[in-house]
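Each chain carries a letter (A, B, C, D, E, F, G and H) given by its place in the written order, and its residues are counted from 1.
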Amino acid sequence: MKFKVYLSGEIHSDWREKIQQGVEAKGLNVELHSPVTNHEASDDCGDKILGAESEAFWKDHKAAKINAIRIRKYIAESDIVVVRFGEKYKQWNAAFDAGYAAALGKSIITLHDEALTHALKEVDAAALAVCQTPEQVVEILNYSLNQ
Amino acid sequence: MKFKVYLSGEIHSDWREKIQQGVEAKGLNVELHSPVTNHEASDDCGDKILGAESEAFWKDHKAAKINAIRIRKYIAESDIVVVRFGEKYKQWNAAFDAGYAAALGKSIITLHDEALTHALKEVDAAALAVCQTPEQVVEILNYSLNQ
Amino acid sequence: MKFKVYLSGEIHSDWREKIQQGVEAKGLNVELHSPVTNHEASDDCGDKILGAESEAFWKDHKAAKINAIRIRKYIAESDIVVVRFGEKYKQWNAAFDAGYAAALGKSIITLHDEALTHALKEVDAAALAVCQTPEQVVEILNYSLNQ
Amino acid sequence: MKFKVYLSGEIHSDWREKIQQGVEAKGLNVELHSPVTNHEASDDCGDKILGAESEAFWKDHKAAKINAIRIRKYIAESDIVVVRFGEKYKQWNAAFDAGYAAALGKSIITLHDEALTHALKEVDAAALAVCQTPEQVVEILNYSLNQ
Amino acid sequence: MKFKVYLSGEIHSDWREKIQQGVEAKGLNVELHSPVTNHEASDDCGDKILGAESEAFWKDHKAAKINAIRIRKYIAESDIVVVRFGEKYKQWNAAFDAGYAAALGKSIITLHDEALTHALKEVDAAALAVCQTPEQVVEILNYSLNQ
Amino acid sequence: MKFKVYLSGEIHSDWREKIQQGVEAKGLNVELHSPVTNHEASDDCGDKILGAESEAFWKDHKAAKINAIRIRKYIAESDIVVVRFGEKYKQWNAAFDAGYAAALGKSIITLHDEALTHALKEVDAAALAVCQTPEQVVEILNYSLNQ
Amino acid sequence: MKFKVYLSGEIHSDWREKIQQGVEAKGLNVELHSPVTNHEASDDCGDKILGAESEAFWKDHKAAKINAIRIRKYIAESDIVVVRFGEKYKQWNAAFDAGYAAALGKSIITLHDEALTHALKEVDAAALAVCQTPEQVVEILNYSLNQ
Amino acid sequence: MKFKVYLSGEIHSDWREKIQQGVEAKGLNVELHSPVTNHEASDDCGDKILGAESEAFWKDHKAAKINAIRIRKYIAESDIVVVRFGEKYKQWNAAFDAGYAAALGKSIITLHDEALTHALKEVDAAALAVCQTPEQVVEILNYSLNQ
């Protein structure tokens, strides 16, 4: 049986690539999905496709909704949602995805440094595993599929 | 008909009191609920009730889960979830609540300064109203009930 | 047992009042709810409460979303959704409400003249009763409660 | 991953063909579905298959229900429902489909001229994108799949 | 806590009255609901309220749908659905109600003579109790509430 | 897209074969499923597999539950449930399946002679098509797939 | 707001009374519900109400199903399910209730001695709090309601 | 059509292998899934992958949650959940799985000796078949697929 995994959160480090490489190295039967991780493309998609907005709020609004089409589908079809929080930025969309996934009964794995433990306690409380490295995420996938 | 409203997010300003006062001043048929807003009590409830933990992670974990009992019930029974984001702190639990409420089909109202617009675009995209002041939240409740 | 009834659709005739009068005349245990039926208030609520928009699209967008807070709650809590279509206007929101109510498994009663039969065939196909007068709606409520 | 898209609404213009061509030109992994778009076949299917009705209402009723078998399946299995409104006709079935899809949590894209903005504000408020051309719909599919 | 009980099925014997009397004699906190049990009123409601049909099929169709408004509400709000099958008539509507209630996860109690055991085996297999007398139904309610 | 169709009801005539032949003759993309239609095997499966019961009620009970494993799966995975009622026997299981399918939101097609119209009015009221011949069922499948 | 709490599990100690007393002493707005805790009545209800069975399996089967009517209702209406495991007996019904409640998204509190930690790890993993004394359960209710 | 079957419970006997062999011998279209049945691996997965815990409770907690990722997925995708109880150990996780599966509407088959009948009466009451040997489970799969 195949696991479908959605990788939500931080887009400024290579954690997705590391999970991808680990999954491939072990030959795991895992399908990985991500949001649009090109920051500029993600911010500008509304204006580019549907026409420019004069106000920042509506530019963001249109973009966020178009991005939601992909995100919702991938979360809805996932078995596991991995949510990564980095040191920088607010990353409220990652926490939003985690809450959304939790309400749908998805298995959640969080991925963050120990320094964020206190700030993320509510999100971690809804997770089935709290990882600090992409390798740990891969190990959990490997264990869940092949033990 | 009565509206049940859950007030999620920031605990270091008086926005809940302002909404409460506005609701009372207008005599709105609204039931307001909040999480435990006493920061220390919220952080320590696990250790206090169930026994002290030696590791910070598990102290937080136990506390967050106990707090989830109240939060889940109030969100599940709400018609509207108001989510407040302030300038300080990560407030990932507020974004988590918003995602959770969105997946349950609750009506979401966000409340934050314009400065946070870009960082909150995904949360705002799931909201039915984006407010900047508690008075606007009260106006929406008033309009929805009494117009 | 009480029936909760949501009255969706046309706002330019007195069909809601007639149902209200019929329900009162017969002393039926029925709770009637409606959207905001003041056309101007409904159109302007976004601008008035949250600030004016320069573009018509966003003005409408903000207003429609605020109105959705009330509509969603009332439909979600209704046993019956009565959807009225008049001769004039597109009334796509009424058909939207009907589809929304159908997917939630609500009992739908449509109310329209015979002249609209062909154009409304898909909506009528999802209804448990197709009425031509408010009195017929009242008769169905009376029959369902008191026979 | 493949996107399943249901194309609801107007049957008197070539918007479906344009989306089909755009999807093929870009080689998108998209499965497009439509209702029966042959107007006469759609109107007459009840009488033809199950026997003629003497009254127009019941002829329409039987046809609309048979058509619902296909429509319901396609909407239920879709990731995205595109709803097209043209200048002519009431198109209440399109708005009904939009409401139905909204209650099921489907991603909705509307497609209509700016002139219809005010009349469609409630439907647009439930959409994740409001397009004016079939090309924009194709762009959104392309962006969601391939960015 | 109160039990809401819907009494589906046979309308030509006094089993509903016996359950009602038993519930009152024991002072049980039970709310009993029934479909329209006046056979003629039930058959004619469509024609009477919405206008006469020339074809028997459509007369029945309109009546059955109006009756469904009440039946659906009562089943949806019930904790327990009691389904009574007598010796005579097809009573397919009772079996339909049982299947409908089963899919909604309601507790089902069947009530029928031993002679019908084989014919009702699929319905009984979905029931939590199979009774032969109204007194047994009352005993189960009494036990569930007061033991 | 493929339609999955569950054929519930009468097991003493060749209506299933006729639908099967029609589907094959037209090359329809339809997957047909049925309950165990060998009457004796269906009645005896509990005793045969799990051991003989001394009481008829429990023999029937065990058999009906084992049969439910297959029936539930097929109904749950179906797009369409065709329910056939013949002249003979009570066929309460067919009506039960119809109610069960209705509550799950499946598209229901009934198949019966005109003589049964009045007795089946509640079941027909939940159907999207009421057929008198297997050929009509095939026509509806053909129309829904290929028009 | 009131909390509804279902107390599942062990019937041979006074933990329910202690929670009841604690709730009363603190004047908490809590509604407590339990299964039938009279062991003999619970075991014999099937035979007593519906007639004696000659085989132990069916006697148990009938009793367990009648008891399920009450249990299902109370769990379905609860905000919190407290599941108590004692030293003796298998108590598989308590673990079954916990799994049932978990799938419904109820908040679960387990109550057991430390000695059972390893054997109950899967149940505890689904709980929001793991208590060792009834007083701790009361404290959690008090905290959730009144902090 | 293929049946997906999850095999929950006892890990110290060869019942899973016997079902596997029976399924292969008969060439059944059945997909069998199990939890991690290596006791040590299952107990230690949390410590091994995410780091050692000093307290037994948290070691168990982390392991149980990681194991839940696999268990939840397999139960959610199963048509049938077979739950095996042996003579030894508490096996509360098996009963928890049964309750969880019951609330999701899965078909449950229990597998245990007659000696456990009384202790398992609530679990058996939620099952569609109660087996004493793996061969009986295979027979039911064979019957459900091929009769």
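Just so it is clear, a contact is a pair of C-beta atoms (placed from the backbone, for glycine too) under 8 Å apart; a residue touches a chain by one contact, two chains touch by 3 or more.
For clarity, every value in this text was computed on a predicted model and none was experimentally measured.
Colleague: Treat touching chains as neighbours: how many steps, at the fewest, connect subunit C to subunit G?
Modeller: Step count on the best path from subunit C to subunit G: 2.
Colleague: How many hops, at fewest, get you from subunit F to subunit H via touching chains?
Modeller: The fewest touching-chain steps linking subunit F to subunit H number 1.
Colleague: Interface overlap for subunit G and subunit H, more than half of numbers shared or less than half: same or different?
Modeller: Counting shared over all numbers used gives more than one half: same.
Colleague: Please tell me the distance, in whole Å, between the geometric centres of subunit E and subunit H computed from their C-alpha atoms.
Modeller: 37
Colleague: Between subunit D and subunit H, tell me the centre distance in angstrom, where each centre is the average of that chain's C-alpha atoms.
Modeller: For subunit D versus subunit H, the centre distance works out to 44 Å.
Colleague: Can you give the whole-Å distance between the Cα centres of subunit F and subunit G?
Modeller: Between these chains, centre-to-centre, one finds 40 Å.
Colleague: Per the centroid of Cα atoms for each chain, what is the distance between subunit C and subunit H, given in Å?
Modeller: A distance of 49 Å separates the two centres.
Colleague: Would you mind listing the residues of subunit H that make contact with two or more other chains?
Modeller: 65, 68, 105, 130
Colleague: With touch defined as at the start, can you tell me which subunit D residues reach subunit A in the complex?
Modeller: 1, 3, 79-80, 105, 107, 109, 127-131, 136, 139-140, 143-145, 147
Colleague: Considering the complex alone, what residue numbers of subunit G touch subunit E?
Modeller: It is residues 31, 33, 36, 38, 41-42, 45, 49-50, 62, 65-66, 68-70, 72-74, 77 of subunit G that touch subunit E.
Colleague: Across the complex, what residues on subunit F touch subunit E?
Modeller: 56-57, 60-61, 63-65, 67-68, 85, 89-104, 114, 116-126, 130
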